[in-house]
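Common to both upcoming complexes is subunit A, partnered first by subunit B, then by subunit C.
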Partner chain A sequence: MRNHRPGRLLAVTAAVVTTVAVTAACGGGGDPGPGGTTAAGACEPAPPGTKVELTFTSWVPGMQKTVDLWNQNNPDIQVKYTEVVGGNDGTYQAYANQIKAGTTGDLGMIEFDNLPSFRLQNGLADIGGCQPVAEGIDGYPEWTRTQVSFGEEGAVYGVPQDVGPLALYYRKDLYDAAGLKPPATWDEYAQQAAQIQAQGGLIGNFMPDQPAWFTALAWQNGARWFTVGDDGTWKVDMTDPKTLQVAEFWQKLIDAEQVNTIPGIGDVEWQALDAGQEWTLIGAPWTAKLIETNVPSGNGKWAVAPLPQWSAGGTAGGSWGGSTTVVWAGSAHPYEAAKFAMWAFGDPAALALNNENGGQFPAHTGQTDLPALSEPSAYFGGQVIWTEFAKANDQVDPSFAWGPTMTDTYDTLSNGFGQAVNGQAKLADVLGDAQARTIETMKAQAIQVG
Partner chain B sequence: MTAPTRTSTRQNPLSVGGATLFMILFAGYFLAPVWWLVVTASKTRAELRASHGLWFSGPFELPGNVADVLGFDGGLFLKWMANSVLYAGVGGAVATLVAAMAGYALAKYVFPGREAVFNVILAGVLVPTTALALPLFLLFSEVDATNTHLAVLLPSCVSPFGVYLARIYAAASVPDELIEAARLDGASEMRTFFAIAVRLMAPALVTVFLFQFVAIWNNFFLPLVMLQDSTLYPITLGLHTWNSQIPHNPDLQLFVIVGALLSIVPLIVAFLFLQRFWRSGLGVGGVK
Partner chain C sequence: MTNREGAPAVAHAVEQHETGAAPPPSRGRGRGPVPVRPRRRVRHGRAVVGFLAPFVVLFAAFYLVPIGYAVVESLYTVTRVGGTFGRATEVFGGFVQYAAVFSNGPFWASIGRVLVFFVISIPLQLGLALVFALLLDSPVLRGARFFRLAFFVPYAVPGVIAAIMWGFLYAPTLSPFTLLTTSFDLLGPDLVIFSIANIVNWIFTGYNMLIIYAALQAIPPELTEAARMDGAGQWRIAWSVKIPMVAPALGLTGVFSIIGTLQLFNEPLVMRSVSSAVGSDYTPNMVVHATANIPNYNLAAAFSVVLALVTCVLSFTFLKIAGRRTLS
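And then the complex of A and B:
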């Protein structure tokens, strides 16, 4: 789902508090740790005739209905569902506490960018050896499989739930009237930015408060912010040429006042869209429903095009948001929990419910077979926008990995971006600061950083 | 306690006017957010964005908005309200009773270690409740009591500051002679406490109760850490949940504002109702 606004402080507290638990860091290829991950071979179903009760928490609206459907059809594996507040709004803090107290229950929702943090807390069970997972994991796109395995062969630390491949929402009516086509490359995007400025509009918005959005753009260009060596030492590189290219691109647009620089994904943004100020919006699948609900005046005017590329004919993508469902290391029934997760985020009936009630764009590759995702959308001028996103999803670069202290990294980025759009800093410097600060935070948590 | 206030004839009208103006300015400063809340809660969602925040605009929708909030999601807001009243009411009352007894005992009984106990309690005043949330969570996890009413209620039942205040006040307002007299008349220590001390300490106890009531009412972090089940939430956590869901359901934006307005009503009622206890101490004139 989307990234945080309010609960940062809490999450930071969580990060600080968890420090104690993470003394023996075990990065990508580390050892499971005491009482930590379930050994892959130990994933056996409960003896026949046993009634298993599982707990599951998430903040996807309407997820209860998906759980109800499962409970109807699986009298022996009953799932008790609790809807909680968003991860960064407090639930990650709660998870961290529960891991320490050993009261996590069985299943929980975690966004991709927070997965490494919970892996480092030894909170996640490796369900790669559970038969339902081993059989079904290939149904998810490669990049999501890499994200949930941390590159460990055969490991699965979470079932991909929904994804946020970027695409370009654009005002088709304005583009048609101006005789423009949606930009295929970032060069074209920059050219159009000047043309649109001449017509009194703005091509889009650089959202200073949405660092995960910028991350997704750097991701598209092949940035590798976090890598883990064989010895478990992390390397942080947020100022590589790829990232700096993205930063300089936006810096020019900001300096030329060709893009808006208002907070994204909230009232301010909706007002700007409502007023017809911005001609495009770089967004994820979940953004569609938000635009539709919050900008009724745009009805029939918007359309979706592929994300512009750095080289003509390129096919690279990045993901903004997206989440997984994990089986906690403390679960007494990893097999049943994994079976439920694979069903809830892989079975067409479940995916249809998740999409209908929670607006989720499923990670599972079968997503565009869903009736709801193969229908033309009236708001988007009769376009079947989901095929665009499905294509984008296949193009997401599989090698991007998150760091273990993303909440903190995001904070530094959004504070810095806020200054940058006011002309008090340069985006490139903000990235340098964020890198330094991230390394500092990781060291403070006794994580090995090279 | 002090003699009734006398209006001095020597007061400078200019300074009286200045003081009044100062007070009015401050009252305005503190009431402006409440005013905004009332105005905004009476608008329609469309007017919310379109109109100025400090004046009414469009139809007066307050009753309709309140009904919407109360009816949303099967009356969830009313449940939160009831939870808040339970946590703050019971927690405040128990904390006041404990503080009164402890404060009275520390002020009026001489026993070894008295100052040590008092100092430990004073140290408790300095520890922020936020810092205690995680240890409390781990403790409650041990006994499997997280995610229950008790998880929020029990920690709310102690108020170190209340003990401190009660001790100071008991020392100043409960004369030893009265306690002596009660003992001579054959009253038990319990009876002396409840029949005499509590009444004399009433203004302080009302203060302790209100402080604790407001502190629990506004407490956010402890429930956040302890509770997962939204039917156990107090209003603070409930409104936070709604606020985080606004992008999915834009109606919630107005609901959060109306909910915030409703959530301060019990606080205002509590203050207006208990205010009169502050007027004067009962002990005035009790001892000559």
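And then the complex of A and C:
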């Protein structure tokens, strides 16, 4: 959900402030709160006539308006909404503390890559047995259903909110002037990188501080970093041939200085784009609004093309970001909470509000019917960019799964990528280190890992 | 470098060191008949409790209890039953976490890094602070009041804001000083430690200056006057009278700086958004923060305890050395 960051520095400020607050609040009790997972059969509505009050936290801008609409129409299920800072900017740490203290409330927002971590903390309720979920979950794309069920038949640990299928943002004006077409394959991308370098530009940016971006690219190539064996043991494989192919591809571009290697999705990158340094940006739907806001000089010049493929005519995709709404295991009203979540991220009126106020690209497959998502965008030269992302969303590989300690895996990756772009390491070695460190961290958490 | 909680305790330690920590002679000794004392004691006792209670309660609630909690957490470890997403329970693990701390390469690398940082940053910082304080104290400088405030203002700017501002000045794509930032990679792996040291110095020089300046103000005017009568110039007075007299204050700022350096956090964390050379394990505090984020509270607690001990050892070693030098 990086689309909701007004600026990374601001986010860091918030993170520091939150950290201080969270550290101060660390003295919670040792009781992990009631119930690890809610039994599927236990999801019953409150008796008729009961007034139910729910709490809900997220960091989607303007979500209050969606909640207001719900509260108007559902006098018996009132939702109290709190806006918080982005997950990795402090909210995940707050959630972890709340789980430990048993004070999570009812509903919260978690990105896909952090779902396993919170499941591992026994924080999530399985709402697959709640009638509104069972009836409506098929409205979400397969890959999101796999991620929220962890592959368990009938299980649902979160309602998909929004998704981040990758596509290629490119400077149509520069491409047209140079007589180039957006690259259909990664081979073409590499060729163009050399051509663009000859013209004094850079094809794009390898963002050392955005490991989730790299993960999405490995995902596209069919990497399987985390799998679970039949005996419940985790297997970590970040150095498979698919991932290494992606790593070596970028290593060549870095070595040839054909890509930028600056921190991404923040002021440094926006300035580089505004100065016209980079010709393309591999991004997600949420990136559109950020480019539009932060790169005023690109008005009318950018366009969106499909993500380059590893084989000509391929249709593989990966997702960068995207989030879910979960019902906490400690919620006294899982039925009502699930009902609200399914409405807030499945009902056309709610999706329209989320898109209008929060810039969300909804996970729900009904998203392309939204009027707002079928309009041409002036900034992107009159292109209807959302249809491009809707296509990309259908191509996201459903069998990629996340690890249970992604925060740490990401930290190791971004530290190593930082060294790699400074010439102190190779991407392939960084992946090996990250794998070893991830296994070590999982073992320290007493997770069965083979 | 915002954490200065250690200050009062250390100040007290320095004071004690200077005075030889002789307990004040007990007042009532050998005076009056014995039976009078109990009643008085009771009355005093209540007053003492009344005055001490607010401090003791807050000190216990926000200092002793959290520290105790961290120590307890650091002695536990997690076990899990029930497969892939098995339920976790905390069990007593003895020194398991401490073994992990001592075999953790990044943590000790980060301690090494902040010690290098200390060498780069602190001599310059305290040197400048001393020079500024002496200038403010000398009769030659005009507009002392203005400069005192001007030097101190950076400390009043929140550390995070200062780091953001300097980050913008360093980043080649954002900086107005393009010639400088494009010829020197201020955010690259070689120079970034100096760039961070510069931010920290910018913030804390004025703060340390004030401490030294206060010590200068406390020098009895007779001393400098006597030196002047003996024909000493301003340089001579500064070197032979003022600096020796403020040596304890310098020692104090040295201890603050050791503590502050080991707790370095805000500035490098903010630098991460403009520099790829600052990892999430750049300083010991960042290692603790990242570990708590996993979340692995037990290991994070053990890191914290070890870090506190390292800080204690280094501070008291410094005090010992500095104290010996002052005496000799």
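Just so it is clear, the second predicted complex is superposed on the first by the 418 of 450 C-alpha atoms of A that agree within 3 Å, B and C clash if a C-alpha of one lies under 4 Å from a C-alpha of the other, contacts with A are read in each partner's own complex, and residues count from 1 in each chain.
What we mean here is this: a residue touches a chain if its C-beta (ideal position, glycine included) is under 8 Å from a C-beta of that chain, and two chains touch if they have at least 3 such contacts.
Keep in mind that what you see is a predicted model, and the values were worked out from it rather than measured.
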| item | value |
| --- | --- |
| Partner chain in contact with A:173 - subunit B first, subunit C second, else both or neither | neither |
| Partner chain in contact with A:208 - subunit B first, subunit C second, else both or neither | second |
| In the superposition, subunit B vs subunit C on subunit A residues touched | C |
| Contacts of A:103 with subunit B and subunit C, given as first, second, both or neither | first |
| Partner chain in contact with A:415 - subunit B first, subunit C second, else both or neither | second |
| Which superposed partner A:405 touches (first subunit B, second subunit C, both, neither) | second |
| Partner chain in contact with A:271 - subunit B first, subunit C second, else both or neither | both |
| Contacts of A:85 with subunit B and subunit C, given as first, second, both or neither | first |
| Which of subunit B and subunit C A:394 touches, first, second, both or neither | neither |
| Partner chain in contact with A:93 - subunit B first, subunit C second, else both or neither | both |
| Those residues of subunit A which subunit B touches in one complex and subunit C touches in the other | 17, 93, 100, 266-267, 271 |
| Touching residues on subunit A, where the partner in the complex is subunit C | 8-9, 12-13, 15-17, 19, 26-27, 30, 32, 36, 92-93, 96, 100, 116, 119-122, 150, 208-209, 228, 231-234, 261-263, 266-268, 271-272, 275, 404-405, 407-408, 411, 414-415, 417-419, 421-422, 424, 441, 444-448 |
| List of subunit A residues in touch with subunit B within their complex | 2, 6-7, 10, 17, 57, 59, 61, 82-86, 89-90, 93-94, 97-98, 100-103, 265-267, 271, 289-290, 293-294, 359 |
| Complex contacts: residues of subunit B adjacent to subunit A | 49, 134, 137-138, 141-142, 146, 221, 224-225, 228-230, 237, 240-241, 243-245, 247-250, 253 |
| Subunit A partner contacts - residues on subunit C that touch it in the complex | 65-66, 69, 77-80, 83-88, 90, 100, 160-161, 164, 167-168, 171, 173-174, 188-189, 265-266, 269-270, 272-281, 289-290, 292-297, 299 |
